[in-house]
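In the two complexes below, chain A is the common chain; its partner is chain B in one and chain C in the other.
The block that comes next holds the complex of A and B.
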């Protein structure tokens, strides 16, 4: 636990002692506001944050890999990874510490969107349920993207490659259920397999949460996905450590 | 095996484990979870559970969805993929509550397959999306005895009513086939039953055979109709499922009492009244040809409805300059002839949510009368520009003068209600019952004795026990052949607009038990920006007197313009042409100015709303990011100061 905490703290400090976290927060908050109002939040005249949340996948697909790309690639490039492995901590602690630090930055970003909640409460009488589940969905979605980003960051020294691979990975899981993707998949794979792929669409899981219903399978899906990618990440790190 | 290979295999195993766990959890937990919405709109309602409890024999639900075709379809079909998953989940829940009495089959009807034929046979709608592919998305409920009912297509607009639609389907398949509708009308809407012999006789005498209204003819296909004479109060009884009262003119008190008690006992009532019913014409009377002039063709049921929360205003018709249409053969729009569109039908109610175009003619204006425990839901209204027009004499309606009506119309400043749904706890108009005398002739020993009046007391139920349901419509003509149908190219009569659909939807809706209605009342709760509405209302209030002054000014100028027109037509135009032209130009200029002032008032209101939008837009874009930036700057200044201090100490 101590190992996890020290990595977590070191990583979090790393974000805030460099401009990374600030740039991320400013861009995220700015774009979240702009996109919501540009997509007709005010014109729709409905006291709901649906339009605000529906833009989250698009924002996170770029911003989450941007935070995650440095997690391991930077350590590998500057060879500080060797130093990290000399410390008395396990690969699990190192991976989890880094991941949770990045997730905390995202959490902070989501908390800082509080003016949106105040706005919607001042303009009308919203249903709190979908707002809570929307925030939970956004947090879990960002977690899944960060886990994917963290994995790709661990397999390459180059941050740009890690960034691009993460976007491709996140995009695949986000758009897998769209008809055009499914149609292409159906050309190469058996249909039953394609239908299974539908269950792994981040978009539909996320939208299901936006309705205001927290279903066990949706939450479990995000948590399993995060755990799976982090597990793979741990394996890669273990392998590098042994090398 | 080298290390990289081992790593790849390990990651592959992780992926497999992740996928399997997800699938297992999906299967195990289904839709288990927490519905955080305020009204629990995503949880199956008690109404649905009660309906499922009533199932005695197993039923099969067949969900037809063309998954394979949808994959080849456009991006727009993605919507249906998600919608399909939602419907499927919902049906899974029906199945799990059904305790084995509900079987669920998911069918993907492939082109030219037996399943496709079966789907078409059941009446599921087919959409051709390419040369070889068709798209189906419907539901069939089937009993073991082969009885089936179908939802032909899950359309986009009805997603919020899916639970209602599915429960209604199940309710229909487990309940009696044809519901009984009593039709009580002062106009001849239903032809009396004529024996074949009588029909032949009439034909020989050259008399026209009485015919049902087309709407009634269409209703007969779905319901068992019973024609009730206006004085036959005994026929209004528990055997009827609904009562349709059309043009109720001077009904006897016993009939009014029977209608009242029908509602108190939980019967569903639909009333069509009219301040001026074009379909209600006197029978030609050669001895008194002027009888038609004094014929009263208005009707209302205020004597019952007022206590239930709705009253039709006397001698008033609803008018709306923005909805006015021209009657056939008349180039000018006539104000009381209106075509209601999307905005004038209540989109939140199941009866009217799908209706697009409804024509009403001399419709009355309904007014709510506050009664405890009664809920009045407007179904059809005029637009905000609508109002009412009080006529003094029915003759004025025979040749309606739009200009005059426009000048005399009372603008309510809000929409005028044309049809309403009454629900809640209703009280009887006759809580103590009624006493009346009945004269009956007695027949004894083959001789008819003198008729003796007999005093009769009928007991009453004072209050409804469950949720009552009454629909009131202020126009009869809207369902008449003249306005609800039009002749097609092939000489057939086809529905014009949604007039008859309104009646069908109303009956359909009422066929739902209270369980079904409870499903309806849950969903679709609009959450408007109340703050924006308040600003608009305040702005309207602040400028109301100014707006009224401008409107009066415009009205006066228009009046002057009209007078000028009539003056010039009566006199020698050549002589006064110049003067009149000058005057006209001056007035037109004044009208332009007044209209501009009116637009400025509107712009002021818009500006306030726009300012509010900009305020919130800026706050949400810049407030939090400005705080973050400030913290970043302060921190960097602090760090720089610290570094300077450190460097200074080092150089010292």
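The block that comes next holds the complex of A and C.
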């Protein structure tokens, strides 16, 4: 536990020692606002944050890999991984410490979108349920993307490669159930496989949360996905500390 | 306090460390010598639990490097080859992080160790902006911070100016009575100045395990000549095999 906390604190501070956290927060908050208003927040005439949340996957697909890409690639590049793992801490503590630090930055970003909530409450009388579940869904979705990003960061010492592979990884899981992809998949693969693909789709899980229904299986899906990618991350680090 | 038994490590087709055995006791300062690529750093990385050996094992401070790696890392102070550190951190916060992981009180400890390694003046500077000599001494401070019983230092004086070298050598001599120290170096006068033991390896094998005086007696000439004689132009079986 101690090792986890030390790594977590150092990593979180690291985001704020460097401009990364500030750049991330500013860009995220800007685009979250711009996209919401551009997509007809007022025109919809509803006191709801649905339009705000529905853009989250598109934002996080670029921004989550951008925060996660440094997690391990930088350690490898600067050899500080050798320092880290000659200290008395385990791979599990280090991987979790780093992941939760990145997730905390995202949490902070989501908290800072509170003016949106104030806005809808000023304009009307929104349902609290979909707002809570929307935030929960966004947080979990970002967590899944960060876990994917952390994994790809651990297999290379090059941050650009980590970034690009993470986007591809996140994109695959996000868009796999979109109509055009499903249509093509159905042409080449048996039906059962297409169902499996749909089951894995992050987009449909996310949208089901946006509707305001917090279902255990959706939350479990995200948590298992995060755990799976982090487990792979731990394995990579255990097997191949030295690049 | 260090007992190395038949350590082997290969990277692909290259055998980096081939059946290395030696032991170091309390009060010893062992100079670990050999040409570049001889396997010095690889051996040190295995002793510090960063790399795991393919076969063989070692005990450091009474703990097995494979089975009790966390206990070894608690007891050990290790300075890696290029003194890796987190460049965006200040020296002080970096040492604070090390204290945090090692569960020791930061304030007095950092002051004491900074004083010992003469880095008081740069504590508030970012490590990335430090000169090579200061950087290495921050690394040394990191290795000494928990007053370890075993020290493994990979080229501790590389990049230091003559005054700094002198200081670091004095520091090592001062520490040596209570500890077991292994240093690797290419500077042979340094070995004469501070080491009471020598292990010379080449191509992953131990060529010589004795003391500076004994080596001069058996081979004649100064250490540089002996080094040249043993590591170039001689048939391996002349002195080969583990000691």
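Heads up, the rule we're going with is that the second predicted complex is superposed on the first by the 235 of 243 C-alpha atoms of A that agree within 3 Å, B and C clash if a C-alpha of one lies under 4 Å from a C-alpha of the other, contacts with A are read in each partner's own complex, and residues count from 1 in each chain.
One rule holds for everything that comes next: a contact is a pair of C-beta atoms (placed from the backbone, for glycine too) under 8 Å apart; a residue touches a chain by one contact, two chains touch by 3 or more.
What you see is a predicted model, and the numbers here were worked out from it, not measured in a lab.
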Worksheet item: Clash or fit: how do chain B and chain C relate after the overlay on chain A?
Response: fit
Discussion item. Between chain B and chain C, whom does A:125 touch in the aligned arrangement: first, second, both, or neither?
Written reply: first
Discussion item. According to the stated criteria, A:14 is in contact with first (chain B), second (chain C), both, or neither; which is it?
Written reply: second
Practice prompt. Examine A:86 and indicate which partner it touches, taking first as chain B and second as chain C; both and neither are also allowed.
Written response: second
Item to complete: Return first, second, both or neither, reflecting whether A:6 touches chain B, chain C, both chains, or no partner chain.
Response: second
Discussion item. One more residue to check, A:42. First (chain B), second (chain C), both or neither?
Written reply: first
Discussion item. Is A:213 touching anything from chain B or chain C once the two structures are fitted on A? First, second, both or neither.
Written reply: first
Worksheet item: Is the number of chain A residues in contact higher for chain B or for chain C?
Response: B
Worksheet item: Which of the two partners, first being chain B and second being chain C, lies in contact with A:177: first, second, both, or neither?
Response: first
Discussion item. One more residue to check, A:77. First (chain B), second (chain C), both or neither?
Written reply: neither
Discussion item. I want to verify one number: the closest Cα approach of chain B to chain C after the superposition, in Å.
Written reply: 6
Practice prompt. Mind sorting out which residues of chain A both chain B and chain C touch, each in its own complex?
Written response: 17, 242
Discussion item. So in the complex, the part of chain B that touches chain A is made up of which residues?
Written reply: 3, 6-7, 10-11, 14-15, 17-19, 21-23, 25-26, 29-38, 42, 67-68, 70-75, 77-78, 81-82, 85, 525-532, 613, 616-617, 619-625, 627-629, 631-632, 635, 639
Worksheet entry | Residue numbers on chain C that touch chain A, as the complex places them | 45, 48-51, 70-71, 73-74, 76, 78, 80-82, 84-89, 93, 97-98, 100-103, 142
Worksheet, complete the sentence: The answer for chain A against chain B in the complex is residues 16-17, 19, 22, 25-26, 29-30, 32-34, 36-37, 42, 45-48, 112-116, 119, 122-130, 132-133, 177-180, 182-183, 186, 191, 194-196, 198-200, 204, 207, 211-218, 220-221, 224-225, 227-228, 231-232, 235-236, 239, 242-243
Item to complete: Show which residues of chain A lie in contact with chain C when the two form their complex.
Response: 2-3, 5-7, 9-10, 13-14, 17-18, 78-83, 85-90, 241-242
